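Next come two complexes, and both contain chain A; in the first it sits with chain B, in the second with chain C.
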Partner chain A sequence: MKKKDSQAELLKPKKTVTERERTFAMIAIPILILFFLFNTLPLIKGFIYSFTNFKGYGSYEWVGLRNYIDLFTDARVGKSYLFTVKLAFFTTILVNIVSLLMALGLNAKIKFKSALRGMYFLPNILGALVVGYIFNYFFTYIVPAIFHTTSILASGSKAWIAVMIVCAWQAIAMNTIIYISGLQTVPEDVYEAGMLDGATGWSKFRHLTFPLIIPFFTINMVLCMKNFLMVFDQIMALTKGGPAQSTESISFLIYNNGMSGGQFGFQSANAVIFFIVIVTISVFQMRFLNSKEEQL
Partner chain B sequence: MAGLSLEHIGKKYPNGYEAVKDFNLEIADKEFIIFVGPSGCGKSTTLRMIAGLEDITSGTLKIGDKVVNDLEPKDRDIAMVFQNYALYPHMTVYDNMAFGLKMRKTPKDEIDKAVREAARILDLDQLLKRKPSQLSGGQRQRVAMGRAIVRNPQVFLMDEPLSNLDAKLRVQMRTEIARLHDRLGATIIYVTHDQTEAMTLGTRIVVMKDGVVQQVDTPTNLYNEPDNLFVAGFIGSPQMNFFDAVVAKEDDKVVLKVGGDTLALPAAKGEALLAGGYEGKTVVAGIRPEDISDEAEDLAKFSGTVIEGEVAVFELLGAGVNLNFDYADTQMTASVAPTTPARVGDVVRFALDPDKIHIFDKTTELAIVH
Partner chain C sequence: MSKKNNDLSAVKVKEKFNWPLTILLILGLITVLFPLYMTIVIAFKQPSEMTNSISGILSLPQHWSFSNFREAMEVTDFWRSLLNSVLITGITMGLALVIHSLMGYAVARNMQNSKFYRTSYYYIVSGMFVPFAILMMPLVKQTAELHIANVVGVILCYTVFYMPMNVLLYSGYLKNIPVALEEAAHVDGASTWTTYWKVIFPLMKPMHATVAVLTALGTWNDVMTPLVIMSGSGMNTLPLAQLTFQTQFGTNYNLAFASYLLALLPMLIFYLFAQKQIINGVVNGAVK
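Presenting the complex of A and B:
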């Protein structure tokens, strides 16, 4: 009798696990199918096209590694890499400095803290394209009208600054929130001990606050870098890569020339290389910054 | 080094709670002041106000001759051992202790010397490279202690600095603190729940309750002449026994009537009671467990103050025995010699030392006579 009981007990959980598994599967499989259809399949197809001279229409031939070899000698691709890296680098720095300052401000003992936090988060919920078009109008009509200058967007040497401002304006919202949550993990008593030890102002930030929020700094650096390397919407809305291709980001070039420039195969190769570059940079960043994180 | 002066200090938290009320205390240079009181009575709050971590709502705080109400904590030259340690989680033990000196731009070799010296005293030599998360509670507490010691400030504030140590280490640290006090000649304010620490370390003890100072006095005076019922019950362990008694006069002598018993009082106490107009009134009598005896010699000596009770609990403490017995509708405790023949269920005769009977007013709870 006793034995039978224990056997039944052994069997029972197994059955529920399979039921649970079936539920999981029912939820997961449709998503997996969709993901495969709209994400994995195009990725594989793009990878295959990168070995062809497909124009986006008509017939095509296999060209082996030819596209990849050409990538490294193509001036326009090189220029877009330079622009994208420059933009990503400076915007990441700008965003992190500004959002850290904002977070420190919004974490202080001030009035209307929650309301202000909500307000500063607003840019994040707007679409990048919308923001881009608003700023386009702002740079094209409002700023020149006030300062009696030509539009910054028409300047080959300065248009990237406009792109940087727009990218930063929107990204700061999310980064600030991440820094605020980071600052809230620092226990108050650490600051109290610091107050008695004489750590105030800058030394308080340098010796107490910053070391304790480095994990959040890492996340922000990596996310920023990745997002800005893949910048597309803002370019689309602001400059369309111009003037004179001076603000042509890699994603934009891939889209533009791949879709309407008859370089589908070539830009697919570009996309594959770009994918590898981004993964490499992110992994490298994580490794490097992780090693700097304090082991608490 | 400097003394402190707290004049009418009050603290009202933003939520309206009054944690400290009209706190007055003059602390001389090099004094060792102990704060005791039940949990939540405002000890930490007072300490934090002295440190400058909490705004002082009312009153004046002076260090030396200087009013420091609005002085930044770092400029008060105070080191604090926090109740919850408040170590820097990202720094090693060494850096935790060195940080204060580093912020004060002390030369590196001096810092090193101070930290190693403190580590030696506190038995932390082996742990200098660890982070706080890799330490036990007691070890963290010693690091917090070390952080204060290396600073060598005018005033030390210590909020239950030994509460997490094992018994042996606690005794060892207690002597270290006493020695430190002698050596540095610093003013120390020390919060503790430990009676032994309070009695042995303090030059004076401050007893608090609900944010109000009950009595400030030397350990001996607090023990022998508590100002009120609260202090009498709070100081001493096991705590003082209290029972209601009616003051009466018999044959020109003042006695206490407890149920059917009559307890004879020494003449001085009787006079004080009569002078206060307590004849015929109910008062609270108090006697410490160590002033109750079941030995024949004492029973003979204090024959005027003998009571009887049935032993309910027998606690062997090693060096002594605590007997709990019912008397006059209360539980009483007697601390007697371990050789006592009394056991649970026995009806035992106890002698009260009449000189050690304290008498309190039943309504004001203030002491009438000791």
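Presenting the complex of A and C:
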């Protein structure tokens, strides 16, 4: 306690520290230390490990930029980036189209409105891993029995579609609710005009309703993209990266090879690159949020 | 335009609800409910009832027997896992409400005139963009070195992981609570600390609900953090147990599905009672 007090005083050495300032410092400093210990410190360590050939145990040596050079020539890493980006891209599009339609439907003059909304939100509260296991059975036994085909999960070229469906099943629930809250901000008359059926309905939606809910569209796009780029649970439950490493997401590869594959150092470098990718997307998000705040 | 509006209002007078759309949406519920139906019927059946045909898998069980559930509870050490999940989620939620709201308060009240708090704010909020994948491996080492590669380590990690979002939410909310309220309490002789707990903390109730929902949903369903941190401790959370005991289920899908259903049940029950709060919380968290 004494130490923290003196730290607080150091911040404002010239003025006398008021009771209010001291209280704030005593709140902020321990929390900042905690945050540093479990966020910044491991981040720095990860960065340091990325320049070593550390296996996760034993001794290790500095290898400079070796890991980063290898990363760009490693076929498995390249494949996982391609898969993850492909999955994130198509799932984001699918989820947003379906969610927007669902939101329009659930915001229309329908009976049982709140009950339907509640039911459609259900997938979102369920754990992704267990949902993945349930769908694993669905794709392995039910779908092949109906269509007399082999399991989609056993196909190197099509297994990603199963992953996409499971990701979408849960994300649609979330995005629909966000779109509904967006549609509710649209003035009633404009909204009714957008709900008309047929070609005029579409053009009115496009020119009246949609421009008004663009902030919500952006939230959903960014949210989806970020979540799907970090996909892990669904992969773990559905394919474990297979068949033939065709569905290895970046997070899964880092976990699998970094934790138990003896590639601690190499996968740390992979994680650093992954971090940069996520930050790039997030900077975009921050800009958007700032511009939205100015509007309000 | 005006003609169309007239048409619409004419339709509205005649028919209040859009029935075709309602029916379409009810039919669409199959996509949500079918996986749950499948889980329930398989969980109650015996392996002998599972013929290879669709009807064998999806028909209602001949006897509604709870034996699968009893066995699943034993195999996955259900109560222990449930207790761990409840502890982790409950304590993380409590810590979030206390620590994150305090930090949000300290930041919101000093950001304008203190560079230190402004920097702290951006420092913490930028943590939102750090993917778990990069922290994962160093955190495993770190929690092991600190001898907290267990429930405690997981709780501490969550408290830090959810801090960026929650501090952002709290400090944003506090901008709308006038400082004058605190000044009044201060004149009455209350300390900043007392003022916070007596005046400000209760005022943030709507934001507490949002933070509680978001933090609880996230921690309850998360697998990756306990997977890497607690893997050596022999302990499981409820979702993690499904992963750990996957090999023990083998091809006894009835047992596996009973276990999945048990794992989903607490959240389903919770959702049944707090549906509105959960939906509001999730929307507030995403939109704000």
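Everything below uses one rule, namely that the second predicted complex is superposed on the first by the 233 of 296 C-alpha atoms of A that agree within 3 Å, B and C clash if a C-alpha of one lies under 4 Å from a C-alpha of the other, contacts with A are read in each partner's own complex, and residues count from 1 in each chain.
Operating definition for what follows: a contact is a pair of C-beta atoms (placed from the backbone, for glycine too) under 8 Å apart; a residue touches a chain by one contact, two chains touch by 3 or more.
Fair warning: this is a prediction, and the values are worked out from it, not measured in the lab.
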item	value
First, second, both or neither for A:Phe135, with chain B first and chain C second	second
First (chain B), second (chain C), both or neither touched by A:Phe232	second
Partner chain in contact with A:Gly241 - chain B first, chain C second, else both or neither	neither
First (chain B), second (chain C), both or neither touched by A:Leu212	first
Comparing the two partners chain B and chain C, which touches a greater set of residues in chain A	C
Touching both chain B and chain C, residues of chain A	189, 192-193, 196, 200
Chain B residues within the chain A interface of the complex	51-53, 72-74, 78-80, 82, 84, 86-90, 99-100, 103-104, 131, 133, 147, 151
Of all residues in chain A, those that touch chain C in their complex	11, 19-20, 23-24, 27-28, 31-32, 34-35, 37-43, 45-46, 49, 56, 102, 105-106, 108-112, 116-131, 133-135, 137-138, 141-142, 145-146, 169, 173-174, 177-178, 181, 189, 192-193, 196, 200, 216, 219, 223, 230, 232-233, 236-237, 250-251, 254-255, 258-259, 264, 267-268, 271-272, 274-275, 278-279, 282
Parts of chain A lying in touch with chain B, wherever the complex brings them together	187, 189-190, 192-200, 203, 207-208, 211-212, 294-296
Residue ranges of chain C touching chain A (in the complex, touch as defined)	1, 4-5, 8, 12, 16-19, 21-22, 24-26, 28-29, 31-33, 35-36, 38-39, 42, 52-54, 57-58, 99, 102-103, 105-107, 109-110, 116-117, 120, 123-124, 127-142, 156-157, 159-161, 163, 186, 191-193, 217, 220-221, 223-224, 228, 238-239, 242-243, 246, 253, 256-257, 260, 263-264, 267-268, 270-271, 275, 278-279, 282-283, 286-287
